[in-house]
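After this come two complexes, each holding chain A, first together with chain B and then together with chain C.
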Partner chain A sequence: MQFQFAQQGLTWHDTYFLAEGLLNTIQLAASATAVGTIGGVVLGWVRTVSVTARVATTPIVDILRSVPMIIQLILANSFLSIMGFSTSPFIFGTVALGAWMSAVTAEVVRAGLLSVPSHYRKSARSLGMNRLQELVHISFPLAFRTALAPWINLVLSLIKDSALAGVIGYVEYMRATQTLITRTHETWILLLGAGLLYFIICYPVSKYSRRLERKIAV
Partner chain B sequence: MNGYHFYWSMVWPSLPLMLAGAWVTIQLTFLAFIIGTLIALPMAVARQEGEGWAYRFATAWVELARNTPAVFQLFVFYFGFGALHINIPSYTAVLISVSFNNAGYMTEIFRGGLSAIPRQQLSAARSLGMNSLQGFLHVIFPQMFKVIFLAYITQGIWGMLNTSLGMLVGLQDLTGATQYAQSVSFRTFEFFIVAAGMYYLIAKGLQFSALVAFRLMYRS
Partner chain C sequence: MIEIRSVRKTFGPLEVLKGISLDVNKGELLCLLGASGSGKSTLLQCINGLEPIQGGEIVVDGVSVHDSKTNINTLRRKLGIVFQQYNAFPHLTALENVALAPRVVAKRGRAEARALAQKHLDHVGLGSKAGSLPSRMSGGQQQRLAIARALAMEPSYMLFDEVTSALDPELVGEVLETMRLLKGEGMTMVVVTHDIGFARESADRVAFLHQGEVCEIGTAADLIDNPQKSQTQKFLRRERQVPLAAVERTVA
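After this line comes the complex of A and B, so read on.
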C-alpha cells in the first residue's frame, strides 16, 4: 500500500479555526487594553505628582518604549515561566502587551493632566474639594478630552501588535492564518483576508479618532 | 525562584554573533529610514494637494501602512511574493516592508508639518525664479523638518523596532541572531535580556545622534 500525503485544500471548516483566532485576538487586545489603561492612568498620575516620582518612573516608560514587542513577549514568556507563575500564553501576552500599553498610556495621561490649567485645580481646592475630589471631578474629565484621541491611536497599535503574540504560541488571527497557509498553500487568499480583517477593524476607528482630534483642536 | 539558576556565562561566547546581528539591525534601520523619507516627501506634497491620482495613490498607501499590522506587511512581501515565485531574500523583504511602513507614517508626519507652513512661501520662492522642486528643497522642506523633527525621529525608532520582525522570516538581525544563539542552550531569558539592552542602547544612540544633528543643522 502506498502512503499518500493528505494534501488538503481550504475548506469551510477552516473558517471556524479562523473565527477562533479572531476571538483570541479580540480577547487578548481587550484584556491588554484594560490592564494597560488602568496601569497607565495610575502611572501617568504618579508621574505628574512630583519630580522625584517622574525621574524614578522614567526608566520604565523609556525601556518599554525602546525594546521591540517581540522581545518583550519572549521575555515575559520566559521570565514568568521561570518564576513559575502560569503556563498560559494568554497571560504572557496580556502581561507583555499590557506593560507596553501602560507605559505609553502613562505619557498620554500625563500630557492630558498637564494640559489642565493649574488655576482650575487651585480653584477646585479653594472651593473645599480635597485632592481626590479635585482629581476625579476636575482634572480627569478635562484630561480625558485631550487624551481620548491619542489613547484610541494607542489601542489601534495594540491591536496591530497583538498579531505578534503568535511568537509565544498564542493562536491569534495572524498565527491561525499562518498555520492554514502552511497546510493549504493558499497564501494570497488567507494573507489578504488577514490584512482586510485588521484593516476593517482599524480604518473606521482611526478615521473617527482623526475627526475627534480635529474637533478638539478647534 | 523555583531553583532556577541564571547562567550568564552562556551568553558571552555568543556576543560576536549578536553584535553582527545588531549591525544588520542598524543597517536596516538607516536604509529604511532614508528610503521611507524619500518616498514620503513627494507623497506628503501629493496628500497636501487634496485631489488627483497622486493624492489617491498616497492616501491608499498611508491607510494601508497605518491600518494593518507590520507583521502582515512583512508576510506579504516574503510569503506572498514567494507564493508567486518571486523570491525576495529575507533581508530585502524586511527592508521593503519597514520602508513601506515608515513611508506611510512619515507621510502623515510631513503633511502635518507642511500644513504649518504658509502657502505664500512657495509662491515667494517661485517669484524669486526657483522652480517648484527648488522651492520645496530650499524653502519648504527645511522649515518643515524643524517643525516635525521629534515626531520624525520617533518614527525612525519605531522603524528600528519593526526590523525585529526579521526573526519571523529567518533574518539574522539582532532578534534573529539572539533566537538562533539561545536555541543551543535554551537560556532564553538571559539571551534576550542582553538583546533588549542592546536595542535600548541602539535606540538611545539614534535619539542622541539625531538631536546632535538637529542642533548642528538649525543652530542660530
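After this line comes the complex of A and C, so read on.
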C-alpha cells in the first residue's frame, strides 16, 4: 500500500485557517500601528524640545530603524523570553513592530513639527496660550498635514512587515499561507492570494489617506 | 500704562536695545519710527514677553513683564499683538481663528466664543468671511483677521509690528482704516511703522529710535514736521525720498 497524506489538496476548510490568519494580520498591524504612533508622536515631540533630548534619543531611533525587522523580531522574542516574560506571540509582535513604528514615526513627527513656521507659534503664545495649548491647537494640527502622507507610507510598510511575525510563532496570514503551501504545494495560487490580500488591506488605507489629505488641505 | 525702564536686549554680542525708557499712556497712540535694525520691532516683542530682556524692566499696569513670578499667559491677554507676516492659523476658518483663544485661554463656552468671534469679525468688516480659510483671503483681509483675533481677547493695549509692510500697496489702506477705527474707540496702541503719513495723521506721540536708543520723542506734529536731531531729520528725508524715487523710476 502506498503512503498517502490525509489531505493533500486545498479544501474549503482551509479558508477558515486563512481567514484566521487574516484576522491575526489585521489585529497585529492595528495594534502595532496604535502603539507605534502614540510612541512616535511622544518621541518625535521630545526630539524637537532640546538638543540634549535629541542626542539622547538618537541611538534608539537609529538602531530600531537600521536593523532588519526579522532580526528585531527574533531578538525581541529571545530576549524577552530569557528575561522571563513569557507571553503570547501577539504581544511580542506588537512590541517589536510597535517599537520600529515608534522610531520611524518619531522622525516623521519631528519633520512635521519643524515644518510649522515659528510665527504661528509666536502668534498663539501672544494670545496667551501656554505651550501645551499651542501644541494641541496649532503645532500638532499643522504638523499632521505635513506628516500624513509619509506616515501612511509607514503604516503600509508596517502592514507588510507584519508578515514577518510568523518567525516568532504568530500565525498571521503569511504564516498561514506558508503552512498551506507546505502541505498542498499549491504555491502559485496561495501566494497570489496572499499578494492580493495584502493589496486589499493596504489599498483602502492609501485611498482613505488621499481623501483625508484633500479634506484637511489648507 | 506701559512703563519701559532702561531696557537692554542683546542677541549674542549684538546689543539691539541700549537702555530704552519710554511710557505709553492709557488711550494714546504711540508710533515707533526708525530704520531697519533700530530695535523697534524687538522692543514691541519685549513688551509682551515674547523676547526676554537682559536689563531694565517693563511694567504693564503695575505688573513686571519679565519677572519670573508673573504669569505671562495671563498678562498677554491684556496685550494684543499683530505681526508683519500674515499669521492667521491656516488650518482654521476666520471664525475659528478668532474664537480659538477666547475658548481655550479665556475658557468661554463654544457658542459664546463663536458669537464673540463673529462680533469682532463684523467689527473689522470681515463678517461675511467667517467661514473662509485664510488661504482664500487677501493679505489685507488676513491682517484684519489678525487684528480681530487679538481684539477678541479684549486687550487693554494693542501692539502693531509693521503690519502693512508685507502688503501690496493697494491693500494697505483697509488695514490702516481698521487701525484708525480702533484709535477712534480709544484703544491704547503702540505702532511700529514705516508709514510716516499714518504716524503724522494718527499718532498722538512719535518716538524715533536710532541704534537701540530713543533718539527723539514728541508729538507727531513736532517730531515729523520739525525734527530737532540730525538723525531724525536724515531718516525722515530718506523715508520721504523713497516713494518719490520709486515714482521717478516708473515714470522714466
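Convention: the second predicted complex is superposed on the first by the 196 of 218 C-alpha atoms of A that agree within 3 Å, B and C clash if a C-alpha of one lies under 4 Å from a C-alpha of the other, contacts with A are read in each partner's own complex, and residues count from 1 in each chain.
Throughout what follows, contacts are C-beta pairs under 8 Å (C-beta built on N, C-alpha and C of every residue); 3 or more make two chains touch, one makes a residue touch a chain.
Small disclaimer: the values here were computed from a predicted structure and weren't measured.
When both complexes are superposed on chain A, chain B and chain C end up sitting side by side without clashing. In the superposition on chain A, A:84 makes contact with chain B only, while chain C stays out of contact range. After overlaying the two complexes on the shared chain, residue contacts for A:67 are found with chain B alone; chain C is out of touch. Once chain A of one complex is fitted onto chain A of the other, the partner contacts of A:54 are absent, as it touches neither chain B nor chain C.
Using the contact criterion defined above for the overlaid structures, shared-chain residue A:126 touches chain C, although it does not reach chain B. Panel annotation: after superposition on the shared chain A, the angle at the CA centre of chain A between chain B and chain C (CA centres) reads 100 degrees, nearest 10. In the superposition on chain A, the chain among chain B and chain C reaching more residues of chain A is B. Of the two partner chains placed by superposition, A:183 touches none, neither chain B nor chain C.
The gap separating chain B from chain C in the superposed three-chain model is 26 Å, by closest C-alpha atoms. Looking at the complex, you find that chain C touches chain A at residues 48, 50, 73-74, 76-77, 79-81, 83, 85, 87, 89-91, 100-101, 104-106, 133-135, 146, 149-150, 153. Only residues 62-63, 66-72, 74-75, 77-79, 82-84, 156, 160-161, 163-164, 167, 174, 178, 181, 185, 187-188, 191, 194-195, 198-199, 202-203, 206 of chain A touch chain B when the two sit together in their complex. Contact residues of chain B toward chain A in the complex are 1-2, 4, 63-64, 66-72, 75-76, 79-80, 82-83, 157, 161-162, 164-165, 167-168, 175, 188-189, 192-193, 195-196, 199-200, 203-204. Against chain C, the residues of chain A that register as touching in their complex are 119-120, 122-130, 133, 137-138, 141-142, 145, 216, 218.
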